[in-house]
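Structure first, commentary second.
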Amino acid sequence: MKRLYNSPDTVVSEALEGMALTHPELLRLAHDPTYVARVDAPVADRVAVVSGGGSGHEPMHVGFVGPGMLSAACPGELFTSPTADQVEAAVRAVDAGAGTVLVVKNYSGDVMNFEMAAELLAADGVETETVLVADDVAVEDSTYTSGRRGVGATVLVEKVCGAAAARGDSLAQVAELGRRVAARSRSLGFALRAGTVPATGRRSFELPDDEIEFGVGIHGEPGRERRPMEPVDALVDRAMAAICADFDPGVLTGEVLLFVTGLGSATPLECSIVARRAVRELDRRGLRVARNLVGSYMTSLDMLGVSLTVLVLDEQLAELWDAPVHTAALRWGA
Amino acid sequence: MKRLYNSPDTVVSEALEGMALTHPELLRLAHDPTYVARVDAPVADRVAVVSGGGSGHEPMHVGFVGPGMLSAACPGELFTSPTADQVEAAVRAVDAGAGTVLVVKNYSGDVMNFEMAAELLAADGVETETVLVADDVAVEDSTYTSGRRGVGATVLVEKVCGAAAARGDSLAQVAELGRRVAARSRSLGFALRAGTVPATGRRSFELPDDEIEFGVGIHGEPGRERRPMEPVDALVDRAMAAICADFDPGVLTGEVLLFVTGLGSATPLECSIVARRAVRELDRRGLRVARNLVGSYMTSLDMLGVSLTVLVLDEQLAELWDAPVHTAALRWGA
Amino acid sequence: MAERLAATDVTAVFRGFQQAVQRDRDLLTDLDTAVGDGDHGTNLDRGMRAAVEALDATPPDTPGAVFNLVGRRLVSTVGGASGALYGTAFLRAAKAAGAAPELDAAGFAAVLRDATTGIAERGKCAAGDKTMYDVWTAASAAADAALGDGLAAVLAAASIAADAAEQQLVPWQARRGRASYLGERSEGHRDPGAVSSRLLFDCFAAWAAA
Amino acid sequence: MAERLAATDVTAVFRGFQQAVQRDRDLLTDLDTAVGDGDHGTNLDRGMRAAVEALDATPPDTPGAVFNLVGRRLVSTVGGASGALYGTAFLRAAKAAGAAPELDAAGFAAVLRDATTGIAERGKCAAGDKTMYDVWTAASAAADAALGDGLAAVLAAASIAADAAEQQLVPWQARRGRASYLGERSEGHRDPGAVSSRLLFDCFAAWAAA
């Protein structure tokens, strides 16, 4: 399948060069090992926030580096977690002595490589706190698995931690807020078509024309089930039901933040249509969508689908959400 | 082909409802006739800026409504220009007595409907000035055609006019600045795959696996030529050559703004790879990319491709580009 | 043979036109897919349905009022080039028809002349540009030439001329509208707006022959 | 028969492992496509190429230094679960090997024991979770049991146990790593990390047999 690449091997490195070339006032790209840091890091007396993960989910994470969000991001190969080296180097570059929060999506590879980096840093007196994101209700959480996958809530955790760090919160406080976001978020995604793997030029899975993958992962992992295709409102209702049913009793009340992300090929028209139904569906359940974010912020190459995330807000989280942010992909108040 | 729709007939109306529901602080959606206006319009003593066009190019134009950019947008049916009624109603809703600039892409339908609206408004004492955008170098400009198509420069014109209006420029001044942007911009796009027309569920044209449409229009109109597929750098070089060759002698010097827009299914990775080459190519030609905008800001349903625009800056235009803007799709300084 | 067009007659012609457009919607859209953006059939079908609904809701009592209502509805519901062009044509027709309760041969020819001029002005087009204007101007000229022979002859002549014009322009290169972007590649294609205009004149002739 | 592993010997084994991974890259990736994200072959191939390059550039002079260099290169270039796990295993092996110029049977078994514990700690996994750990722990137990018979016997025993373990876990359900998301659907599939680990032990045995 034709794509806008030069060669499968250079996709990640060329895209990073493009990001650095078009955001010189914001980003600094380091090589060997690869990471992307705020140009003005380390920021004195402030906790740093570092995330990372496999590439192919852009703008996450590099697009979220900048004042009010990430201090640095470590992009791995396509769909492959970054190496411990990358994480270690990024933290060393941005840590100002106040410690660093590591935002980690719950995949074995990510967890282990960040953990190794944290060990190496600790041995050297650099303090880190890890916030693990595991919000995907499509995967059952049990001690017999590696737990749930981290998806959309990652973006929300990064925003809130970045805002808390910017206002001067301590390492423990920033981490606690990140964990609070992670704990109060639930997500589910569905795909009508898989993404195209650059190395092979083929889709990572094939779906018949009348079926969808419900509960899909952002690396094209299979989800809860293959289901018949339905009008999008029905799919949104189904996703919302799964998300809402998963919150602990009593948690899902009051004001929520709705995050709708296209997974790569969903058009803005489609994202808006999904958001329309999701807002109405939450409304019908007596919840107020006090904040929302709609667009393609966490993707899976060119997958056709969306992922929905609901975060139960409190005053503090709403305030941190509203705080200024200036990154390539998310910007307000600055 | 599966898409995230409920029915082809409701795509536009449901997406608009979604936009209004998720941006209540920013947008007001009016029905019969349909338009989307800033909630705070009319803004006293300020020139209004109104644009519009067929739907299917989101976030253009509705995503650009808000302080510092459009006062209102008139979304037509998919790929069909809005009616004169829509334009007239939108202008009446946002005109503060200081006049309204109409930003019109050069398609017969758009031109005529905006013209009819302007006539009706003039008869009623509402002053308008039209800025015509016709920046697509893929189409030959001659008296024997309807002239060039308006593409990427539209976004730049809307931003600059919106900023000029916000700072209090007169109707004539805002229009003059818009025309300056239009005159100093050139664009070209290419597609590897056409978009999927909701009504038929089929692509608007089919391309063999080893060919691309070079100089494609944003309604899937054919371009200059069908060419063999090449690595994306070669395609970008080709587009840049066509764009740069088209400027009048002596105009293309100094600082430029580069605008790279994905046409629907281009991923952020792909947009960054294109931007990387475009920046280098302009650099090689002795031009400095002083400003840039990279992302999917003007699309053609889910077309896989990009469009490149070069605007030759001057101090005034750079300042207006940098001015605060707060819209659903473009936001900074606010 | 009917020698005058009353409001109900013009309404009947537009009803016929709506049915013709509905019948040939896919043809019009296919023609527009080849040289434009593939929406001419959908556009005009949407507009004429709305126009007929309006005529049903509040039947106008002069030919001018019928033209005015149809023109307004098209302007409000079609969009695109054809919405502006048909809308302008019928609004100009309304103005030319004024408050007269009926149109005779001369009245109709005058109305057609003004409507045709309206298209030229709105579209900034001329004869030979390969647009619907070629059909209208041919029809108008034929109507003028047949003036002395009464209304039925005028309508028949207009229809015959419209058909001939639509066929004649097929080999030409388009110089206005989306088809003009194609340059030489527009040659050999029928123009969608010319085809729908031809349907309109055929409906007038059919009324006269009925 | 070689009864001691010097730095050059361990280097030779890793060269063999690099070739085996390169040869079976697509197999490993296909296995990972079925139960994971289809990158295990690519990941390990990238890492082992880098490791061998480093061994060529600055040949280490103790077994511990070889393990250390390979571990470091894997940590730097692989990413993913296997980068962390193989990296940890070889770094722990390096630590256990210390500065000794050679490893005998007991030395190798001790190194293997620590490396295996490293995997368990890093992966938070246990026997029966259907991961590469099942292969390592089986190999380590067999090595311990064969201690008295000398190094060659230890390496042969480890390899035989690794092969058997890899085959044994096929019907199980994965409880760690990406494959665990599949639940019951992981049953009947080979585990990619277990297969690549088996290749490693086969390379040690092949060296001893050569």
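The chains carry the letters A, B, C and D, assigned in the order they are written, with residues numbered from 1 in each.
We adopt the following convention: contacts are C-beta pairs under 8 Å (C-beta built on N, C-alpha and C of every residue); 3 or more make two chains touch, one makes a residue touch a chain.
If you want to know which protein each chain is, UniProt gives these names: A, B = Dihydroxyacetone kinase subunit DhaK.
Just so you know, these numbers come straight off a predicted model, no measurement behind them.
*Asks:* Could you state the distance in Å from the CA-based centre of subunit B to that of subunit D?
*Replies:* 56
*Asks:* Centre to centre, by mean C-alpha position, how many angstrom separate subunit A and subunit D?
*Replies:* 32
*Asks:* With chain centres defined as C-alpha means, what is the inter-centre distance between subunit A and subunit B in Å?
*Replies:* About 29 Å separates the centre of subunit A from that of subunit B.
*Asks:* Averaged over CA atoms, how far is the centre of subunit C from the centre of subunit D? Could you give it in whole Å?
*Replies:* Computed from C-alpha means, the inter-chain centre distance equals 80 Å.
*Asks:* At least two other chains touched by the same residue of subunit D: list those residues.
*Replies:* Residues: none.
*Asks:* So how do the chains connect up here, line, ring, star, complete, or something else (other)?
*Replies:* Looks like a simple chain-to-chain line, open at both ends.
*Asks:* Which two-chain combinations touch?
*Replies:* A-B, A-D, B-C
*Asks:* Would you pull the subunit B residues touching subunit C in the complex into a rising list?
*Replies:* So the residues of subunit B touching subunit C come out as 33, 54, 76-86, 107-109, 112-113, 115-116, 139-140, 144-146, 149, 197, 199, 204, 217, 219-222.
*Asks:* Which subunit B residues qualify as touching subunit A in the complex?
*Replies:* 1-7, 11-12, 14-19, 21-22, 55-56, 58-59, 63, 192-193, 209-210, 212, 229, 231-233, 235, 258, 264-277, 279-280, 289, 292, 294, 296, 299, 301-302, 304-306, 326, 329, 331-334
*Asks:* For subunit C, which residues are in contact with subunit B within the complex?
*Replies:* Within the complex, subunit C touches subunit B at residues 33, 36-39, 42-43, 46, 75-85, 87-88, 122-123, 173, 175-178, 180-183, 185.
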